[in-house]
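Across the two complexes that follow, chain A remains constant while its partner is chain B and subsequently chain C.
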Partner chain A sequence: MGQLKLLVQVAFRNLFASWVNVIIGGIILFGTVLVVVGGAVVDSLDESMSRSIIGSVAGHLQVYSEKSKDSLALYGNMGGEADLRVIERFSDIKKVLEQHPNVKTVVPMGTNSTMLMSGNTVDLTLARLRDLYKQAAAGETPELRAQIDSLKTHVRQMIALLEKDLERRNALAAENAMDPADLRALERARSQEFWDGFEKDPLASLELLENRIAPLVTDGDMVPLRYLGTDLVNYQKTFDRMRIVDGTAVPEGQRGLLLPKFSYEEFFKLKTARRLDIIKEARDVNHRKIAEDPELQRRLKENQTQTRELLFQLDPLKTQQAIARLQKVLGSTDTELEKLLVAFFTMDDANFDARYQQFYAELVPLLDLYRLRLGDELTITAFTRTGYARSANVKVYGTFEFTGMEKSQLAGSLSLMDIITFRELYGYMTADQKDELAKLQEASGVTDVAREDAEAALFGEDSSLVAETSSGSIDEDAQLAGSSQARRQQELALSKYTQQDIDDGVVLHAAIMLKDPDTLEQTMVELQEASKKAGLPLKVVSWHQASDLVGQIILVAKLVLYAAVFIIFVVAVVIINNSVMMATLQRVREIGTMRAIGAHRGFVLGMVLLETTVLGLVFGAAGALLGSLAVKGLGMAGIPAFHESLYFFFSGPRLFPTLQASNIITALVIVLGVSAFSTFYPAYLATRVSPLQAMQTDE
Partner chain B sequence: MTMTLRNLFGAVLAAVLLAVPSARAADMKDPAELKKLLATLDDRQSNGGDYKSLMYIEQKEKDKTDVVREAVVYRRDARDQLMILMTKPKGEAGKGYLRLEKNLWSYDPNTGKWERRTERERIAGTDSRRADFDESRLAEEYDPAFEGEEKLGKFTAWKLVLTARQGVDVAYPVVHLWVDKETSNILKRQEFALSKRLMRTSYYPKWMKVFSESKKADVWFPQEMRFYDEVEKANSTVIVVKNVDLNALEENIFTKAWLESKSR
Partner chain C sequence: MTQLTAVSGANRPIVSLTDVIKTYTLGKVEVPALRGLSLDVYPGEFISIAGPSGSGKTTALNLIGCVDTASSGVVSVDGQDTKTLSERQLTDLRLHTIGFIFQSFNLVSVLSVYQNVEFPLLLQRKLNPKEREQRVMTLLEQVGLDKHVKHRPNELSGGQRQRVAVARALVTRPKLVLADEPTANLDSVTGQNIIDLMKELNRKEGTTFIFSTHDAKVMNHANAVVRLADGKILDRITPAEAQKAMAAGAEGH
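Presenting the complex of A and B:
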């Protein structure tokens, strides 16, 4: 005991005795800070991301059919959606899964993606007009007539604008001059005579506009849509991070869609408004300046050059209002709306805030701020795995966000849909439908001919090339018999649904929330077993695996950190080793003397080892303290997500790392281990010093 | 009238065009004769009367169940109008395509929406494209060359190589045609991309002739067509014309309103 005390005293005395020790201490200090801070950041990242992923879609576990070709990828794959085998009845797997004591809830799911194709502005306006005429055919009311007339003036205004545009374009590029047939059509659509005769056969008049005029406008849009079909009520109860922003949730038993707020802003908002919003945020939040930022300047420029979007929206009355308002705001006497708009959108850092406010106060009330209003129906067309396209009109009830991930494009890409509509769009065939196809195939008498021997089979000896027939009569109504009724029945059946409908249908995967997430691994194994036993083999994966690439990113971050730590400490081992060697060699006389006065080898070994250990402890502790302070500081200020894609991983605009005891303990263990390891050899050398050797050494 | 599918599948068109009175092999070496042949084909192809046919379409794709459909195709060549109305299976019934002017519209009764489709759109989930719907203008679009005679099974065929003329926009810039020497019906057609890559091979093993009152002559159409996708080797399509109706169509048939009415 007395010896240990002595050794400790020696160690402390020698702590700053040599510059070599200071270098070693510095390395240890730096390494410790890195391990503490890096560890805390990665752990917090892991935690915040797991919160994001578990609480938004994944749950703790995901299950899907073991027979699936691909692995589940909740956030999508590079090459499209993962190819998952359908689970025919959700209730079958629900029953099996819910029997496990650790399973809290099972939520049915299916993901798919498609492109929403919208016609151009003129197409959309004409389609509205066509709908109004169809309604009027059933019985015209004064309101309907007023709407029709207003829309008609609006269309005339659009055509006038279009003609001006085309004149300008033709003047610019004579060789790209318009098709004379289009020009004639445009002239006709502009003529008073055309509009005077419009009501005589409105649908035929509309066809001229639809087929000749609308194609001249090229602002049609494609919007990517990724959707998750689920039991919406159960989903909302289970996933606490989902929050309705505008509108309402989809009522129980109703079909509907919720759009992520982010996508709604990005894809459905008036582009001019969206650009102004982005500039405002860049200025307010990120303190960027228009004068210094080419990206903001580009957006402003687009607002000046792309006024068509606004002009097309305004009917003659609203055009006059817009002109009056802009004249007032700008103090201008110009009477041309386009010029006024260009002047208005000429913005800089000085006038931006005022103009932004004026835009929303003066112009927006005259415009449709969103192309799709909440409560409107959205037509979704999906291409099914069976080759048939399926379409459905789905009412958009509202927008939602995942708390903490408001700005995240990744989280903002998934819309929520009732599972009944999902199934309709997925196009899973029932036995009846398969049977119908089989009968059609059989009746056709068509035989398979393999490509390799097509010529021999089709043009062989017993083939006859020519035959004669006579004109028959084809009655399409007979062919279509019963189909309209079947469709109406189907529509009716799908218009409302019960919990049983949800449970009895197909799903692609399901999310599981656990009562105790700490036994996740064990539960996974047990659920897999249970499903196999029940004859419904499932693949059970953790949220980490289910989120695929996204989940792997955190693993990569960890690996990078570990690799960095490893390299630093390998270097540290070499440096410490060399330094202690040098220090030991410097102390040959001292050690020799100690040995001469009776110190055992064990004493010398202990002395050298303990010295480095104390060195490690002292500087390690200092490093841990510094590191903890740094984490505290970051925890208060937060690490800003400098790019929007980071929002998802940070679960918000900033990451606030927190310190765990494990971060400090890990750091200290590593530091002590490394310093002890790197001292073994020099310490061993020190024990080899004999008193004789020491006395022979020259200074 | 030619055949129902004519425009549905480009190959069909060409086939019909080539259903000409036989020419002599010797003549085929003369470029003027070849051009005349194409011109005749185009001429025979354009048909004043209305035309309606019931067809069966079956598409096979890798790892997918077969796509099976029946559709009625309507044509009024004089006005360059075309309409396809899906009749079977029930889930597809009432869907349709309508070509008006340069627009190809598609309609879905489940949503009641019309959509303008683009050149690249797959028609009814098959390998056909908008370009396949265009009227056949072989003489206008291609320069023909005679490649010689070839045996196809028991038939002897002339092989023609058609190269798209400069500045003409066609789906496939090079087309190889095998025409039965005896009956002048197309037996086989191969289409190539600009890169010389073979895109699609088609076979026409059965030809029907039907007497048209409006034309006062026989019209030929391929009763069966088989398309083999040469890019996605597992994909193929079979089209069978089940019935042809040459009676005049209703006047207002090529309208959105008419197609909509069929699913009400």
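Presenting the complex of A and C:
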């Protein structure tokens, strides 16, 4: 007892007796801080990511057919969608899976992706005009007529603007940059004669504008659309991270689409508004200054040079209103809208907040803020695995986001769709469905549209559709119209669906929520077995694996941390080893004296080991304390995600790491292990010091 | 002389060297340090080993102190032939039977005066804390350092340090105390004080002392002076004779 006390005292007093110890201590301190902070950050990352991934799409486990070619990648992988083998009847696997006592819910799923045209301004205006004509066909009212005329003026104004644009562009580019066919179409659309004859066959006239003029406007976007087809009601109950932002959920038994809020803002919002939003956030949240930030300056510049989208949207009446409002805001007498807009969008740090507010108060009411309005129907065309295009119209009910991942592009690019529509777009049909469809098709005369045609329909480049006609009376055209009519009927027939429909159909994969996530590994194995026994072999993967690349990132982060820790401690082992060796040599006489006086070798061994242990404990504890404070600080301030792609992993723009006891314990265990390990050899050498060493005289 | 025989006749010798040879090998050269040394020391004796530098004093003390082994011959301490003992047993013998006083004091620099003296007791693990304290304080009083218990060695003078070393050597109440030139690093007055202190403890406790020196004055208190030359015993004489011999030797040069 007394001996131990003495040893501890010797150890403590030796702690600062030598500068060597201070160096060892410094290394240990640094290592501990790194382990504590790094561990806490990685753990928090893991925690926030797992919460995000599990609670948004993945669930604890994902299952898919064992016969699949690829492995499941919920967030997509580089080469497109994973090729998964179809599971013919969801209810079959559901039954097997739900028998396991740890399975809480099974949610059917399928993911696919395609491209959407967000529609350009001319397209949208023409579509509105077409709607009005349709209404007028049922019975024209003076009110309708006034609206039609106003829109027509608007379209003519757009064409005038367009022509000016094109002339400007042509002057810049080499001669003949424009297709002569386009030029002729444009000339015709500009002619008084065209507009005079418009009312004779308004739909045919619209056709020309839609097919020849609208494509010349370049403000339409290709929007990537990744969608998850699922049992929406069940999905919403199971995945607590999902939250409706605008609009409503898709009503039970209805087809519908929910867009991620992020994509909706990114792809469907008026570009000018979106840019202002981004600048505002950069200023408010990240405290960036326009004056010092080239990126923000670029966005402001774009707002000045790309006023076209606004000009197009404004019909003559609204143009006058916009001019008046801008004149008032700017105190200007300029009468040209474009110049006023450029002046208005000339912003700096001083006037930004006021202008931002004025933009939303004065201009936005005159504009369509989003190119796609909630409640609108969206035509989605996707390719089946066999290469055929399939289209479906779905109503967009609302937007949603995943709590904690509001800013994440990765999480914000997956739309939610009812699984019935998904199946239709996916194109796989069971034998029963094929029969049923055959009957339906017989009744309506529908055939699948071949890929090329569909592509053309999608991208509006098929020359047969835009042949030089003013009448639009081409056969294929009619056929296309006819087929979409028929499809509509077919869709209507299937527009309501039941739980039975959901359960009896095809799925590509399914999410499983567990009652006890701690036994995840074991449950995985058991489910795999059970599915094999049932003759429906499934691959069962954890959320980590299911999220593929994304899930690996945390693994990579852990590896990097451990590698860094490992290297630091290898260096530490070498340095500590050498230092303790030196310290021992410096103390040969003292050790020899102790041996002469009667200290056994064990005592010397204990003394050296204890000294390093005390050193490790003292500096380790100091490091742990420092590390904890650092984590506390980081937990308060948050680690900023310096790029938006990190939002997903951080569950937001900042990661707020929390400290767990395990972080400190791990650090201390490692530190003590390392210091003990690196001391064994020098300690052994110390036991070999002869008592004769004490007898040597000083000289 | 009377004193010498009185003590020597008492009982078995505590140290007994018989035909001890010690040869050091320095590379290929063999350096004979002791060439057949025989010596008996009896309990309670206060023996001085004298002789010029290189005569083998230190070597002899190291063999008696069980920190080195003889090349041949028998070294027995407290009745045990040291050749037959293991490393561990030798250490125990040093711990329980022998006390050491070093020429350079050899105190543990990070420990206080008190702790340095207590050190061997802690190694022994025989006494409880109270007994330990009593023992340490008694000795510190005897060496006159009871006011300096909390001091560190580097806060003390050389003489004070050697007193601490004396206290440390005696705190376990060893039968035998070995001191190799304990006064060599001290001025003559202080050195004399240390020898006086040792003699006093020898008288009071009956502890056997063997110390080496080449200082004639220091031998005064010894009850016998064993003179060494070239690794052999020249003679065993009284301090008075030794002083006379040394004076003569000094004249001769």
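One rule holds for everything that comes next: the second predicted complex is superposed on the first by the 572 of 699 C-alpha atoms of A that agree within 3 Å, B and C clash if a C-alpha of one lies under 4 Å from a C-alpha of the other, contacts with A are read in each partner's own complex, and residues count from 1 in each chain.
Keep in mind that, in the parts below, a contact is a pair of C-beta atoms (placed from the backbone, for glycine too) under 8 Å apart; a residue touches a chain by one contact, two chains touch by 3 or more.
Small disclaimer: the values here were computed from a predicted structure and weren't measured.
Engineer: If you stack the two complexes on chain A, which partner ends up touching A:Phe16: first (chain B), second (chain C), both, or neither?
Structural biologist: neither
Engineer: Going by the contact rule set out at the top, does A:Tyr681 touch chain B (first), chain C (second), both, or neither?
Structural biologist: neither
Engineer: Looking at the overlay, what does A:Asp123 touch: chain B (first), chain C (second), both, or neither?
Structural biologist: Touch partner of A:Asp123: chain B, not chain C.
Engineer: Identify the partner contact of A:Ala392: answer first if only chain B is touched, second if only chain C is, both if each is, neither if none is.
Structural biologist: Touch status of A:Ala392: first partner only.
Engineer: Determine, for the superposed model, which of the two partners chain B and chain C contacts more residues of chain A.
Structural biologist: For chain A, the partner with the higher number of touched residues is B.
Engineer: When the two structures are overlaid on chain A, which partner does A:Leu692 contact: first (chain B), second (chain C), both, or neither?
Structural biologist: Second partner only, chain C.
Engineer: Just to be sure I follow: which residues of chain A are touched by chain B in one complex and then by chain C in the other one?
Structural biologist: none
Engineer: For the complex, give me every residue of chain C touching chain A.
Structural biologist: Per the touch definition, chain C meets chain A at residues 58, 62, 65, 67-68, 87-88, 91-92, 94-96, 100, 102-104, 106, 108-111, 115, 118-120, 122-125, 129, 132, 168, 180-181, 184-185.
Engineer: Quick one: in the complex, what on chain A touches chain C?
Structural biologist: Per the stated touch rule, the residues are 2-3, 6, 9-10, 13-14, 17, 589-590, 593-601, 603, 690-692, 694-695, 697-698.
Engineer: Touching chain B in the complex: which residues of chain A?
Structural biologist: Touch list, chain A to chain B: 117, 119, 123, 127, 130, 203-204, 207, 210-212, 214-215, 220, 379, 381, 383, 385-393, 429, 433-434, 436-437, 440-441, 444-446, 449, 451, 454-456, 458-461, 463-474, 476-477, 479-480, 482-484, 486-487, 491.
Engineer: Could you list, by residue number, the parts of chain B that touch chain A in their complex?
Structural biologist: 52-54, 56, 58-59, 61, 64-68, 70, 72, 85, 87-94, 100-103, 108-116, 125, 152-155, 180, 183, 185, 187-188, 201, 203, 205-213, 223-224, 226, 228, 233, 236, 238, 240, 243-247, 255-257, 262-264
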